[in-house]
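The structures considered in this document are given below.
In the two complexes that follow, chain A is the common piece, with chain B as its partner first and chain C second.
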Partner chain A sequence: MELQAVLMAAGGGSRMMDLTYNTRKPLLPVGNKPLIWYPLNLLERVGFEEVIVITTKEVQKMISTDPKMKLDVKMKLDIVCIQEDADMGTADALRHIQQKIKTDILVVSCDLITDAALHEVVDLFRAHNATLSMLMSKAHEFTETVPGQKGKKKTGEQRDFVGVDGTGKRLLFMANEADLDKGLVIRKSIMRKLPRMHIKTGLVDAHLYCLKKSVVDFLADNKSVSSIRGELVPYLVRKQFSKSMTSPNVNDEADQKLKKKDGNANLEIQILSRDEVLLQLTRERSCWNDHRGDMSEAYHGVRLRCYVHIMDEGMCYRVNTLAAYIEANRLAPKLFDEPAVHPSAAISVRCLIGADSIIGASCQISDKASIKRSMIGASTTVREKVKVTNSIIMHGVTIEEGCNIQGSVICSNTVIGRGADIKYCLVGSAQRIEPEGEHTTLSECDWT
Partner chain B sequence: SSILHIAAVVVSGTSVVVYMYTWCLSSSIHISAVVVSMFSTIICGFLFLLVVKRLPEHVQVDDPAVVKRLAKKLERQQIPLRSDYGYKVSLFSHLHQYSRKAPLTQQLSIPSTVIHPSIVRLGLQYSQGIVAGSNARSVALLHAFKQVIRDYTTPPNEELSRDLVNKLKPYISFLNQCRPLSASMGNAIKYIKKEISNIPSQCKEEEAKTKLLTCIDRYIEEKIVLAAKAISKYAIEKISDGDVILVYGCSSLVNNILCEAFEKSRKFRVIVVDSRPRLEGREALRRLVQRGISCTYVLISALSYILPEVSKVFLGAHALLANGYVMSRVGTSQIALVARTFNVPVLVCCETYKFCEKVQTDSFVSNELDDPDDLMVTRKGKTQLENWQDVSSLGLLNLVYDVTPPDFVDLVITDLGMIPCTSVPVVLRVKNLDQ
Partner chain C sequence: MSSRGGKQKKGNVTSEQEEEEQPLQAVLVADSFNRRFFPISKDQPRALLPLGNVAMIDYTLEFLTSTGVQETFVFCCWMSNKIKDHLLKSKWCRPTSPNVVHIITSDLYRSLGDVLRDVDAKNLVRNDFILVYGDVVSNIDVSQALQEHRHRRKVDKNISVMTMVFKESSPGHKSRCEEDDVIVAMDSKSKRVLHYQKTQGLKKLQFPMNIFQHGSDEFEIRHDLLDCHISICSPQVAELFTDNFDYQTRNDFVRGILVNEEILGNQIHLYVTQDGYGARVSNLQMYDSVSSDMVRRWVYPLTPEANFTDQQGQGCTHSRHNVYRGAEVSLGHGSQMEENVLIGRDTSIGANCHISNSVIGNNCTIGDNVVLDRAHMWNNVHISSNVEIHQSVVCDGAVVKEAVHLNKQCVLAYNVVIGPNLSLPDGTVVSMHHPEEEEEDDDDEFLSDDQEVGHSKDKTRQKAFNPAEVGPEGKGYIWKASMNDTEDEELAQCLWGLVLNPDPESDSESEASEESQDRSRSVSPEIDDVNAFQLEVLGTLQRGLEENIVCDNLVLEINSLKYAYNITLKEVMQILTRVVLEYPFQQQGTQLTTLQYTGSLLPLLKTWSPVFKNYIKRAQDHLDCLSAVEELFLEQDTHQTAMVKVLMKMYQLEILEEEAILKWFSTGATNDKSRQLRKNQGLQKFIQWLKEAEDESSEEGE
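Right after this comes the complex of A and B.
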């Protein structure tokens, strides 16, 4: 077996608490499918037959019991539950399932919606015998107004600085603005080996990683690393150019003893494979080099290599903020070719449904309703003369007559009274909006 | 072409019948016409077998029937078909031409189940040029086969000697699709298949596997590593102090020889000749300069300018053909030709495992076409050939190999000794006798 897929679905969605306090993030509906369906569909399309899903007990129960959240994936899902309050990072979760991992792994986050060609990432991993291979994409500006937010967007998260070499494939430097207090520091050893580096800031990390099995074993020995993105990836990128990583042409006895004393388990010993002699012979006889201009061999003799594939075009979203969630709802339907209107929905003849709207199962849309550029969840009732524009309505919602909903997000099981006028609002679950009310740019939820 | 064959057979058959009939008449033997016709049909049958010879499919790409047959074979083995790319120059339209930007892994599933992962990795490394050079490719191939053999388990009611060979066939087709196999790889595959079929049926699986793994290790050790040492020993005799040696491209064997000679304190300097689009000479230059050998670097267009300084030419080979022709990187025949004009001795270094039973006298019939986009060069932000496909009268040709006639080669240094080019069939005959 070449690769095992691991899907991380235990995250809490801490940046969109308005939406996730009632529905867990992996089960949020996007285009009327649960969010977790998208990465599972990606893995299935590419050819995986089994996935290890790491999630909480609550999500597992909902996946298996709730008929509305039917996951029609044909792969075998091996669901591993972790405690919700254990506050486990992604690397801790990998350590938890270390026994199940027998080969190299492909780690995917549950909030990734993309149509990327995965073979580009995996080909880098295979061809260069890399330790880490990841996917990034050029960030797109979010154009839709976010409901519930007054005024301009806040200055957003801090930027990521990503340094790549001339070909754009080898990852040389990765740091977040938060970790750089005094400025961007680039080590001289990197500049000596690779003097040309392109530093990019406008990239979105897709949280899709191909990792060697030796990295998982290394994690098992080093319990201090708790997050893949926050700690493991920058550590691996830094370790590429540290002194101990070059090929052992210098057989220094003292050097080796020093390495053994080091607390951290030796990653390089784990990278050596069988038949190292033959691989060395191949490298010596092959007339290929990944760089030119200096006297060193291919890869500068570095054993630990990190690669990145940066997508120029195509869809790649991580649904971890409200703005991303709304953008994903607009574009996600392009990924699957089911009819926009579910066959079991009861749509009356005289209503107007725009071409880019999605109607879920068992909906009831009455006369003279107008639905444009919106997503209507399953089992929703829309009464007469309702105008819904640019909105996301989740399942189980009842919208009484004469309502006007624009640019809003209405969570599940809410009742909107008759004649209510809702503009750019975010309404939480199981709320009641009183009739004839006028609400603009409001975020109404009931935090329990 | 089959019609021509049938016509040839019919003509020869009728002439045999006529001859036999006149012979019967002249020697007044009364044999019935039926017997005569039966006899002649038997002779026709033999002639048919002699005349009809299957051309390999990789040189018949412009024949749609052959392409269809190949597609069917690949479909049976569950290997995706790699499609040709771009306009092919008409003289070479019978060969495959692939693009590096469309790897075969696009059509495979991740993780690969049909093909062993180490073979997928090898195919990727071949098609991207990470493993290049016939020695490196053979060693990488044998390394991948070792992984395959380690992970192999005999299915019930099957014999390892037959089943393992059948398992290797789709892998070899896959590697062929990624990049056409080299002569050295072909010989290595023949050796492995022979070793596998020679495993006695009562041998236990673990024992058989360890036996195969040691065979592979021994093959690499004998035919590649020790052969390189032997060739260096012979070649160093030919290098004298004060020599100016010309090398072309990056041949691992020639680089090895020069480094060994330098270590044995021979005083010489090297001229590295390089050519586009591969520019492999830069890598050879790096390896030689790293050892401390003083080098000069020229492109092949400056060859006649630099040759008056040269005392010897050392060339590497991709394969040595049965009629004494040397198949090597494109440009080698030019170097040999110009060196002959200047009366500079040309020495070809080649291990015996690269000797091949093919016969070729030109570089057209069987060759390899590399990605034509490699010929595009970007200078100061502009790529002149960017839209070459839109120009209908323009074709880009990126040849990989060419053949050098034996009259231009003075000596071939092999691990069996120093032989003239025309002794290659003798070596092949001796090798076949050994096996």
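Right after this comes the complex of A and C.
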């Protein structure tokens, strides 16, 4: 076993509270599968046989009991529950399962939907004996109109600046625009070693990381780091160029000195990718080098290395906002080849269902209904003369006769009254929409 | 801009053909407007200095001609007559020359800015032109860059005003010159320059955020570029120089354009070549490396044997190991020319010489048993026997007598005589001009100096040569590198430029400090603030000592730090005490004896007592301070005897009051260690003394 897979599925989905109020983020239906299925499927496809899933009690219960949430994966799931109200970050979660970690790990977030070739990331990790390798992708513009949001999406968001070397693989710099109020500062010594740096913005971090086991050990000793993306990754990226990481001779002395000084400081030493002796020797003896232009040794003696694979094409979404959720629903069906209409659904012959729609299990669709570019969840009843376009209908929804639903998201167990006209709305779960109402661009949620 | 710009535009619209047909023009600035090559350039302008036995300006002109320039304006200032004479004699002024050379001289040019303003005033350029200095050696084909430049101007309607030509070369490459090192931020797609900065002396490179806000999402920061000092300019450049009379150099111009991009709407682009060669000989270091690149044929087709200047008798033969010989070269028995050697015509070399990586000019004579390595000898040089020369420049007419040893980076200027039996240390510069004479004509340094040399000659004669410096038969004055004024301090760096790889230690130091910041940053933020504050206070005090800052100002600084790091007053006191008491260890290492420690600490206490007094006012403050002292000495248990002295001093300086000390002594002990501390004999005595003093004073009071 080369890598252990860890799936982080304890996040609350705080950026789309409207949706996650009743359904936990990992269980949100995307293409009639719970969101968590996608990263699991990704891991299964590349041959993982076992996954550690970090999640909450509630999600675990739902997965094991609710048939709608059934994950049809063959991998062995080792589900670890953490307390929901403990406010644990992803790094905290890793620390929590440190005992289970025996090798290097692959950490995936539960909201990742991608068709990326995972081996690219892992190959970087292997080839350069990296401490960290991660996946990024070009950001996609969301084309669909988002319910409850007037106009196009807000602009002027803080951009992430990612610096990679000339080959576009080595990760050199990472910062958010918000932290760069003094301008972008780079040490000259770094530029001297890696003279060509590409600064890219407009990338999405897929939250998929390969990490050395030593990093987990480091986390275990260093309790102040609580988030992988927020703290650990920037820390590792920065550490690549600090002195103790580059000069191996000084290192041991420094190690001892630091140990004496305070208990905390020596911990960062452990994070070093300690190259195996043979590997080290191979590198010294071979003429291979990772850079050109000067005569110094490969990697300039840097022993902590971070790499990134940036996807140029293909799909990569992080379902963490409403817009991303809608987009994912539109595209997700392309990821798996299952019949669009579940066999157990009862569908009238005289209704119209577009090829780009998905109908869940035991649905009832009556005469003269028209469904286009939409997803209908399990056990949903769609009555006569209902028109559903561009919408997401979750499980157990009842849509009475003559409704017209366009560009909306209807959460579970809602009943929509006869003849209602709903355009670009987000309807919370277990609501009752009055008959004959007309709604445009609003969010209705049960907040009580 | 001016009306001319408008006309230009119209011209573009009416017929593109016409534009194509217009001859490509170039502006060649045959003056460096600096004194990097002093004192060599006192006798010969830089553009005429020989590189591989050919004047540098010839390389530049050859480069321009080979890229298709048909009309060149050569601007001369310093010793313009010499340059003019040279050019009139050269192939460039023959009627068959494909490149028409116009020579424009003026004594009033003091910078590149003046030249370009004159270009504008005289209305010389009609179209895009190439701007180079007279000391650029290059074989880059700029036609590609020119095409890109024209295309951009056509598409963007005169927005791009300049295309700078860069050559890719990694940092540390020997043809890179440290003082010319640049960092460029560019837009990856449009190749637009967003930020351009010289990096000399910088440790951190800072890029303002506004350069990243131009809609593009991919930028490049490049430090692997060598500035060839070749730029393709649109006619607007000259106009812009006129409009902005404060622009002196191209650097000013580039910075001005980039900063005012929003206002003027002008942009600068760059062109990067991978395989061409281009470098500017901006100091002797560069001279050395460009010359050796030339001999090693990196500038092909500009090679020594090509005789591109087309002058009689300049031809030479090329044999393996890059050995070039001019006509009538005689080589004595047993002499070896190892590799990369260029020998000019009519030069004779004695027996058993050893020559490598050197260029020797015309009509030189070299004696027996001479060792030359990386030597650059110009014309009519006489070297006697048993001489050794390493990486040095020997100018025209210089004479080196018997058994002289020139160490690295020596310069023998025109007609100097050295020796016999002398060894010149590294970096010696000898010239027939007296350095002081130089100072005298500092005022008009930029003026053409034909007259000057004349009138100062008398003075020169009055001053005798120093045989200890230049040898018994020597003639010449040593130019000291470090003289009082800054101008001459520059000279030290000037001639040979800066060392290419500055001490890497200096880098790592900053890294280390950064790391300590990193570390404290990553650990819990609370500790971090206190630590950082402590470091800052230490820094402040250190600076205070070095720069003799008044204590009031120190207090101000500490106060502002206190707010910056959100530190309580109590912590300030503790940290201040700690920093001061640890200061001797900080400065002199932890191996101090107690005596040394107190010796260095007590004066410090005295200096900083106003700072202490500012913070220690209430009774509680006194106790806090005392407990900080105690804490420190509990850690430094070998120095506990010093504690009494410290307390005594603080008492005498009225930082601490006796009541506070007594109170601390009687109540402060909370654990074994501090109780142990209080049993210290000296301390006991001190307390006893205090008590008695108190009694006395109270008695007196009665």
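In this text, the second predicted complex is superposed on the first by the 417 of 448 C-alpha atoms of A that agree within 3 Å, B and C clash if a C-alpha of one lies under 4 Å from a C-alpha of the other, contacts with A are read in each partner's own complex, and residues count from 1 in each chain.
The rule is simple: contacts are C-beta pairs under 8 Å (C-beta built on N, C-alpha and C of every residue); 3 or more make two chains touch, one makes a residue touch a chain.
The shown structure was predicted, so the numbers you read here are calculated from the model rather than taken from an experiment.
Trainee: Is the arrangement of chain B and chain C around the shared chain A a clash or a fit after superposition?
Mentor: fit
Trainee: Please work out whether A:R292 is in contact with chain B alone, chain C alone, both, or neither, and reply first, second, both or neither.
Mentor: So A:R292 meets both chain B and chain C here.
Trainee: After lining up the shared chain so the two structures overlap, which partner does A:E313 touch, if you call chain B first and chain C second: first, second, both or neither?
Mentor: Neither partner.
Trainee: Identify the partner contact of A:G47: answer first if only chain B is touched, second if only chain C is, both if each is, neither if none is.
Mentor: After superposing on A, A:G47 lies in contact with chain B but is clear of chain C.
Trainee: Is chain A touched at more residues by chain B or by chain C?
Mentor: C
Trainee: After lining up the shared chain so the two structures overlap, which partner does A:H119 touch, if you call chain B first and chain C second: first, second, both or neither?
Mentor: first
Trainee: Return first, second, both or neither, reflecting whether A:H128 touches chain B, chain C, both chains, or no partner chain.
Mentor: first
Trainee: On the A-aligned overlay, A:E284 touches which partner chain: chain B = first, chain C = second, or both, or neither?
Mentor: Only chain B is touched by A:E284; chain C is not.
Trainee: Just to confirm the value: shortest Cα separation between chain B and chain C in the superposed three-chain model, in whole Å.
Mentor: Minimum C-alpha separation, chain B to chain C, in the superposed model is 5 Å.
Trainee: Which chain A residues come up in both lists, the one for chain B and the one for chain C?
Mentor: 292
Trainee: Any idea which chain A residues touch chain B in the complex?
Mentor: 1-4, 46-49, 106, 117-119, 122-123, 126-129, 275, 278-279, 281-289, 292, 295
Trainee: Would you tell me which residues of chain A are touching chain C in their complex?
Mentor: 161, 163, 177, 180-189, 191-192, 195-202, 222, 224-225, 231, 235, 238-239, 241-244, 247, 264-265, 268, 292-294
Trainee: Which residues, counting only chain B, touch chain A once they are in their complex?
Mentor: 103, 105-106, 108-113, 117, 120-121, 124-125, 128-133, 135-136, 139-140, 142-143, 146-147, 220, 224-225, 249-250, 252, 280, 282-284, 286, 289-290
Trainee: Hey, which residues of chain C end up touching chain A in the complex?
Mentor: 169-173, 183, 185, 188, 199, 202-209, 212, 217-224, 504, 507-508, 510-512, 514-515, 518-519, 522-524
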